[in-house]
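In the two assemblies presented below, subunit A is common to both, partnered first by subunit B and then by subunit C.
Moving on, here comes the complex of A and B:
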């Protein structure tokens, strides 16, 4: 939505009609105290007010000057209208009522109207009353208007109450989109569990085990619920005591001693965290990861080397003996071969092959002169001789005696190789003792440093408590009592934080147990419908948990994005004056706070008002920017006197930056006014000329009587 | 990327859900209509819930979507 024009008629000091054309960027409306700045702002507020029942005519809005001019029974109108463009079409919203002066001089009001004119091509559609309000709310939602109009510097903090953050997040992030799904998942979980319980009751075989587990599950769920409630209470308790201590700090913001102590505390805590991070006491992991386990390995390695040496010697001995035996066998084989080459007469080839075949064919042995029928002993003998002869022909070549190796595998060599590797690493192993000793010594040293830092932190905290307790005019007893109070708050906060950590751990432990019971529950009677329903029920519950965690994540992402854009604007608006940053802290009770952090990481409690104003305005610009992106609809920001605490130079820079931001901003201010020699306010034209904005001067017409409102009339003039 | 795609990714991003039902969120970067056809019953169920409920808080609509999902999970987780 872009505002084009605001017209005000007979609204308090705005006598008759005043019209202001609004630029797309910065519009400055400059006026001195009492010139009608706040009235202009309130006229817009009145126009935008659609909440509650219409009409809202009120005599207090009527211009006293106009009333004084009216004749008996004469009437006129109070009218505030705004022309704006939304969704590409021009619209005019107007709120007005008639006022009439009676014969006895009384003023009555009538004809209240609230109208919205929508230009559609050449036609103009008019909505009136509630319909106009509804249409206008659609164009410019009340939830967004909350982040649009700001009166005074002190009202810029949009996180000013506990509900503010939830409202902001729900309005501008997509977090509300999750709500129907979460409600559905909660119902789905309950329905699925009921279906499972019914199925288990029907499954008689496993019902007693199922009941036992169901009772354990219910017990764990109840316990987790109780722990979560206590955790929430403890967190709130910690916040409350923290707030008490912070309030005390704010009162001491001028104390340089406190600033120094805070800075020392931050530095000490950072150092302690750093040293704690450097501690490496995972000795169990280092046994394997850093091979510490080999620390006492040297004598074992030596024993190993001796054993391998002995084994090698024994092997060589056996090999030598074996070689001798094999060698003897080879010699005998050679002799045999030599003999088989004819040194023994009538060997295998006598009688020759032909003679042998002839005798076999005739089944008669011609050597011994007897019958040798087939199958008989002499026949078989002759046949054997022939076969031996034929076989001998095939093995004419000298055959090597096949020797089976004594040691088939080279294990000894492998053992030697391993020794060799071990030997190469021996230097490292010899140094291991030293490494381990150094690591342990370093860790012990770090523990000493941590102890010393903890003691310094404790001292600094004691000092801080004392500083906080000191107030001018306190007697010694009162000082002691104030100190005791602070110490108690301090202790209560620490106790609450410690208890919260403990409860967190307990919840985690019980959640694991619960998960275990649920898994057991899903496994009973695996093939039954009860088990099937149980698995489904479990899946639905897990999906519910994921929706819950998605919603939380969505919220944090929105706040991170908001913080990032806020810091972009903060850097711009401070033009390098401030090098720290803003941080949005989400508190456990769902509220939030925006704070300033210095370059050294410490929180700034004593920021000046101008710096806080730039922070709050940066946040507003960031909200507007994110809203524009998410809702695809821009909206203007309207401020009444937001920079009262700024110096002239700071104001010029500030407005210069806002003029450069592509954002419709209307600022009603008394900046750029300087007093001349006669005490009259005049414009600082030179400074104003440097600002790229649409500029208006509003001023009371002179002469006027401050005590007589019927003499007051505001003029609006473009500069 | 639509609001439904964003919601799906935020829900599927839960490391515990990824671990229990053995999927990787990055596999469903393309959007909700890819997830609805997933072989992983839980991934497909989340997509079905987001699409079928369509942000409705109507009790009869919730019951209808529940019955669809309950039946779907019973069939798929059994397989």
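Moving on, here comes the complex of A and C:
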């Protein structure tokens, strides 16, 4: 929705008719005290008010000047209207009533009307009364209007209202989308549990066990409910005492001693957290995950090495024996072949191949010492002998291939290979015990460090209590009593926090037991017809649980997003001035708080008003931005005097940034006015010129009598 | 009532297996380690309630966070690993009792220690190799020479390894059961398991250290 124009007629100081065209970005309406700034804001508020029964005429709205001018029985209208564009069409919403001066000077009102004109092509559709209200609410939802109009600097913090966060989350996040599913699943859960109970009761065999488990389940559910209530109370209690202490702290913030103590506490706690984080005492898991369980493995590795060594040696021995046996068999076979000629032959390789060739070349037998010319009987004998030798070589090669191996498989080789891997890891095994001892020693050292940090934290907290108790002008007795009070609060808060932790653990334990009972309950029906109901019931409960947790997650995600966008705006509005950030904290009672955090992570309690204002406005811009995304529709923000605490320079920067963020914003302000020598307010044209905005000056017509309202009239002039 | 181990499944994709080409007989033969990895050890069923359920996230899936239920270990096989090493370091094997119901742990060894999806946990697949090596070292009756000669089958051999493994586990479970019986909360102490293993392995080291210490001359 984009506002195009606001027109005000006879509304208090706005005599007759004043019209203001509104820009798409920033519109500044500048006026001094009493010039009609707030009246303009209230006129818009009045126009936007669609709640309650119509009509709503009120004499207080009528321009006194106009009344004074009216003749007897003469009438005129109070009229506030706004032209705006929504969904691509131009609309005009107008609230008005007629006022008439009677013969005796009394003013009566009549003809209250609330109308919405919708331009459709060349025709205008008119809705009146409640229909107009309904249509206008649709264009500009009341839930959004809540975050649109802000009067003064003090009312900018939307979280001042405890319900604001729930409202914000429910209206602008997707959390509501879960509600129909949740309620459906709640019903489904009840139905499925009832159906399971009935089915199990019908199964006589298991009914007594089912009854026992059902009563245990009910008991656990009741206990968890009670524990959760107590937990809620304790958490609230802890917050209350924390708030008391924080309030006290705010008053003492200036004390440099307190600042020092606080920063020391922050540093000590951070150190403690860090050391705690480094502790890794999951020894049972480390036995497996880090293989500490191999702490006694060395002798086994040695046993394995010996075994594999023995096997390898034995295998080689057997192989060698086998090879020899195979070789001997071959020789015997050859001898047998040769003996078949009736001689005891020489070995086939005697004389060797080279000698044979030499003798053939020289045609001389060096064995029997006679000539052996080519073709002669000795020559042919030598030639035959050489050929036999060569043939024997080939046949031996062939025969060897045919020999069956002794070892058909290589599992010992696998064991041997595995030993090599083991061997490579021996260093790890050798050092493991030392490593474990060191890790345990390191953890013990860390425990000592944690103990010493805890004791330092305790001392620092003690010191802080003393500082908080020290108030100027207190007698010693009063000082002691104040100190005791603070110590009590401190203790009460710590007790409540401790109890909350305990209750948390108890709830977790009971939830586990409950889950066990439920599993058992579903198991007794395993073989019966109730099995299906039971499984359905369990599935539904799990779905319900995931809806509940998804809803929680959705809420946090929305708040994180809101925080992120808020910080984007905060950084823009405080360029160079502030380097910290804003944080949205959820409180247990569903309310929220927005706080400022310094660069060192500590909370800023006494921020100056201007900084707080920029934070609250950043939050408003963030809400507007997220709403725009959700509703796919933009809406304007209208502020009345939001920057009264700003210095002139800060104001210029601030308006400059607002003008640049592409958001329709109307700010009614007394900024940019300076007093001249005569005490009259004049515009600081130079500073104003630097701001890219539509600008108006509103001013009382002079002369006027402050005590006589009928002399007051506001003029609106574009600058 | 001993359950026998199921026979090894045939390789689905022989080309990817580690080939040991000595003869055509074992061309596609797998490592014995892989055959062993497909086995699932059994334990005496009564330990399920006495030891495994109190210590592990029994039956709630391996992906659940054990912290959520206040359990000490993750999957049931982690209890068996602990029990195995207790048996191994004690050098004590305990055969299954006669007429005792047996149950297998539901997860073949090849998956042990693979899952690290639990918060803060790490995978430890290498531990399986150390377990296998220790089994080989501590099963002296296996005739590896005969196995390589083809006179014994792989299945026979792996069954012998599994028997050693289950007997170590059985002894270890009896130790754990005894501890829990004496003190239900015994294992909730972060040092409990560590101390057990220190007790089983350190004395030997201490003795060794004592031997190294020179005698006093006084």
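The rule we apply is simple: the second predicted complex is superposed on the first by the 551 of 719 C-alpha atoms of A that agree within 3 Å, B and C clash if a C-alpha of one lies under 4 Å from a C-alpha of the other, contacts with A are read in each partner's own complex, and residues count from 1 in each chain.
What we mean here is this: a contact is a pair of C-beta atoms (placed from the backbone, for glycine too) under 8 Å apart; a residue touches a chain by one contact, two chains touch by 3 or more.
Model, not experiment: these values are computed from the prediction.
Novice: According to the stated criteria, A:709 is in contact with first (subunit B), second (subunit C), both, or neither; which is it?
Specialist: neither
Novice: Applying the touch criterion given at the start, work out whether A:418 contacts subunit B, subunit C, both or neither, answering first, second, both or neither.
Specialist: second
Novice: Between subunit B and subunit C, whom does A:532 touch in the aligned arrangement: first, second, both, or neither?
Specialist: A:532 sits against subunit B, while subunit C stays out of touch.
Novice: Based on the superposed arrangement, let me know which partner A:187 touches: subunit B (first), subunit C (second), both, or neither?
Specialist: After superposition on chain A, A:187 lies in contact with subunit B alone.
Novice: Per the overlay, which chain contacts more subunit A residues, subunit B or subunit C?
Specialist: Of subunit B and subunit C, the partner in contact with more residues of subunit A is C.
Novice: Scan A:545 for contacts with subunit B and subunit C and give back first, second, both or neither.
Specialist: first
Novice: Can A:285 be said to touch subunit B (first), subunit C (second), both, or neither?
Specialist: second
Novice: Once chain A of both complexes is superposed, is A:554 in touch with subunit B (first), subunit C (second), both, or neither?
Specialist: After superposition on chain A, A:554 lies in contact with subunit B alone.
Novice: Which of the residues in subunit C end up touching subunit A in this complex?
Specialist: Result: residues 20, 22-23, 25-26, 29, 31-33, 68-70, 72-73, 78, 81-82, 85, 88-89, 113, 116, 120-124, 126-127, 129-130, 132-134, 136-138, 140, 144-145, 147-150, 154, 157, 187, 190-194, 197-198, 200-201, 204-205 of subunit C touch subunit A.
Novice: What residues on subunit A touch subunit B, complex-wise?
Specialist: Listed in rising order, the residues of subunit A that touch subunit B are 174, 177-181, 183-185, 187-188, 191-192, 195, 532-533, 535-536, 539-540, 542-543, 545-547, 549-550, 553-554.
Novice: Where on subunit B does subunit A make contact in their complex?
Specialist: 3, 6-7, 10-14, 16-17, 20-21, 41-42, 45-46, 49-50, 53, 55-57, 62, 65-66, 69-70, 73-74, 77-78
Novice: Can you list the residues on subunit A that touch subunit C in the complex?
Specialist: Residue list for subunit A touching subunit C: 281-285, 287-297, 299-301, 303-304, 307, 311, 314-315, 318, 405-415, 418-419, 421-422, 433, 509, 512.
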